[in-house]
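Structures given as structure tokens follow.
Two complexes follow with chain A in common, the first pairing it with chain B and the second with chain C.
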Partner chain A sequence: MAEFQWPWEYTFPPFFTLQPHEETRRQQLKVWTDLFLKYLKHVNRFTIDTNDQNLPLFFNESINRRLSPELILLILEQLQQSGHAAPLDKRRQEWHVYHYTLEEYGNMVYDWIQETGQTNSICTLYELVAGENSTQMEFHNMDEDVLLNALRLLEGKGKCELIEMDGSHGVKFF
Partner chain B sequence: MNRFAYEEARLTESESFVSRDRNVKIYDGDQKTEFEDGEVVLTTHRLFWGRPGEIARAAVTLCLPLSYVISLSEETTASNFFGRKTRIIMHLRPPNINKAPGPLDTSRATHIKLSGKNGLSVEFHSALRETLNARVWEIALTSETIVKGVESMSSVGDKLARIQKRTGIGGIERHLEAKAKETDENIALAFQDLSVLMAMAKDMVGLSKNISGKIREQRGEISEDETVRFKSYLLSLGIDDPVTRDNFSSNTAYFNSLAQQVCQMLLDPIEEHGGMMSLADVYCRVNRARGLELLSPEDLLHACERLSGPIKLRRFPSGAMVLQLESHDDEVISIDTLQKVRDAESLAVEELAKQLRISLLLAKERLLVAERMGKVCRDESVEGLRFYPNLLLSCDND
Partner chain C sequence: MRRRVGLGAIQQQKLAAEKYKDKGADLQESQLEQMTKQMEVFRIKLEEFAMKHKDDIRKNSQFRKQFQEMCAAIGVDPLASGKGFWSVLGMGDFYYELSVQVVEVCLAANHKTGGLMELDELRRRLIAARGQSALHQEITKEDILMATKKLTIFGNGFVVHKLGKGRYIVQSIPGELSMEETNILSAASNTETGRITKNQLIKDLGWTEYRTIQALEKVLGEGLCWIDKQSEDEPSFWFPSLFPGRNAQMVDA
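Up next is the complex of A and B:
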């Protein structure tokens, strides 16, 4: 896997301090949220722990600057607003972060199912994310929990039905 | 025992009899002496020892002023016949140089003991203790010094009256030279203590005002050269005519004219200091220039609030207050500060303060102004607060 391309801001010390100047702060948070999504996609991670001290995303060793827990939370909340993140626990320490919103994922899967003519057949979630057919798709290798959430959204729209069998999930698209 | 002196056993004016005991002998340190089986008499000031009958006759006896006594202690010894008896030990100060001659002037012991066949009576012992605690001899001494003190105070008063008589305008004209000398004295006197200073401050200022007034009017009487020199002396003291509250009927007029004076005075220094001066600095400078007509911080603040024209009072969001040149608005400051930050890549508050030779407070305010304008951005880390050019914003434009 190619080395992640950090943006120039990553080596700019003030980037790690929340800026009081409003416009600057808005710009700063925008860069941060982009960086969060890009980085996590790059390493293919969907969960993030705000207490993870050694995550390069939170800590740039070369300039010895670290995101404060408050700023991390602020960025994640920003992501949550745009539908790219959701807290997993009440203390808001573990978060789901996804590059596409759940809706986008759902549509992506549904479109793919339709294109490949798999409607009305049942497949497991594992098949969806790890199957040989889906290697070119964005949702390949994605977190099953996140996919489940996306499919639940789809189910709400009546486009599929989730079936639980032996602790794992299956899905039938209409 | 060398503290004893030969003296007549008579009471002085303020002295009174306290107690007596018989069959007493004196030890010089731990050594027995020839002074045995005598009679001791304790007065409020002294302790006498004489052979039986001598004290009653007011003959010359041994005498120890009680002021020598540092402390008392006692010693109990076993006697062959009567069981235990108690000796009194008196610890003594070194003898005075001009002490009258006495027995055993060569002794080196620093204490004496009083002892008797049966020890000393309990009454005498407790009387001695009480007398030493009362320190009657000291009271007499201090009252004497008080009398002396009062005398010296009144002489100061005389001197003051004399000085005031001489500060008439005529006096100044006639004794312009003598004046300088006298003023010197006045200053010396004024600084002797603060209450005198307070009383004289007004006169002092009045005096300097008078002199400067005279000089302005009568250039003929003293040479031009002297005028200039004298004037420069006055100016080095500060403002020659400080605005004082007494001259104005209303606060508003007072503050307005005070503001004018502050403005005149500080225009140049503020320009030198890069267009801004903290109110604390202003306060120091103004009061140093005013000499004795000191301003209260409140008065200065009120005056500054009324400043209009080239200098303005400015209150930062942090609460810090400065006087600022009108021409120095935030735009100018922030661009200037950004330039400094850019040159150094990044700047901490103290570094900027050092560079511009301004106070930390002002340096910080400058950076914050620039930050509010979006010119610089901050970096808070364990190493402290630093400011960088705001690349976060400006990079978009590039």
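Up next is the complex of A and C:
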């Protein structure tokens, strides 16, 4: 996998301190939220723990600067507002973060099913994310839990039906 | 008979003095006339020269610089003459166009630079913005300084600050930088990474602690610099416009 290209801000020490100036802070949070999404997509991670002290995203060892838990939470809340993150526990420590919103993922999967003529047949979630046919798709290798949430949204719109079999999930698209 | 000393002699002297004066004025006049003639000839020659080397002036930065210097020496401002002969040259157009590009480039980067940009960076960005086709229209720092001078008519929204050692910083946000702020900026520009702290300023500028804190709060409050609270000893203040890492990445991208 290619080396992740950090933005210049990542080497700018005050980037790790929440800025008091309103405009600057907005700009700072914008760069952070973009960076969160890009980085997690690059390493293909969908869950992060705010206590994960040594995640390079939270900690730039070369300049010895780290994000405070408060700042991490602030960034995640921004992502939540735009539909790119959701807390997994009440204490808001574990989070789902997704490069595309659940709705976008749902539509992607649905369009792909339509294009490849798989409507009305049942497939497992594993097939969707790990199947040979979907390697070129953005949702290939995605977190099954996140996919499940995206499909639940689709189900709510009546575009598919989720079926539980032996503890794993299957889905039928209409 | 003894020669009379008196009125006659004085009058004679006076007459002589007047004649000298007249002659002097005459000489001066003719000299001035000659000078004017010479200047006129020179101006015509300069115009001819400018016409002949019109393309060179527009395209060759070195040539343009020397031409500017020559014009300045005899008191001709090719930019000020919008009408008549000089407009044929398009010198004014060149700088007006450049000014507009300067504004565009600065405003586009304002949200990242906080409204301050070093002249070197501005030049790089300008060259990039002008595109490949304009490769032969190389621009020098002098060109940019000349162009930014034209922008002062828009008030204090666009000012060039000298930071010493041939370094300039272009301010593209409204409002005047106070002496204090300019001093802080200078101090920061003398560091490698554009970073300063309170104690450093007290030491470098001989300010009192109170004055330093006030001044730092002002630059921070105007969004010109960022604060880093994770430094080892005391909070440090960073100017993104002076941070070298920013340009390194920009070139890569």
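By our rule, the second predicted complex is superposed on the first by the 174 of 174 C-alpha atoms of A that agree within 3 Å, B and C clash if a C-alpha of one lies under 4 Å from a C-alpha of the other, contacts with A are read in each partner's own complex, and residues count from 1 in each chain.
Everything below uses one rule, namely that contacts are C-beta pairs under 8 Å (C-beta built on N, C-alpha and C of every residue); 3 or more make two chains touch, one makes a residue touch a chain.
Remember, it's a predicted structure, so these values are computed and weren't measured experimentally.
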Quiz item: So, on chain A, is it clash or fit between chain B and chain C?
Solution: clash
Exercise. Please work out whether A:F16 is in contact with chain B alone, chain C alone, both, or neither, and reply first, second, both or neither.
Key: both
Quiz item: Which partner does A:P7 contact after superposing on A: first (chain B), second (chain C), both, neither?
Solution: second
Quiz item: Between chain B (first) and chain C (second), which does A:R65 come into contact with in this model arrangement: first, second, both, or neither?
Solution: both
Quiz item: Touching A:S82, do we find chain B (first), chain C (second), both, or neither?
Solution: neither
Quiz item: Intersection of chain A residues contacting chain B with those contacting chain C?
Solution: 8, 12-17, 19-21, 23-24, 27-28, 64-65
Quiz item: Can you name the residues of chain A that touch chain C in the complex?
Solution: 5, 7-8, 11-17, 19-21, 23-24, 27-28, 64-66
Quiz item: Which residues of chain A touch chain B in the complex?
Solution: 8-9, 12-17, 19-21, 23-24, 27-28, 31, 64-65
Quiz item: Tell me, which parts of chain C touch chain A in their complex?
Solution: 111-112, 114, 195, 220-223, 226-231, 236-238, 240, 243, 245-246, 248-250, 252
Quiz prompt | chain B - residues contacting chain A, complex | solution = 346, 371-372, 374, 377-381, 386-388, 390-393, 395-396
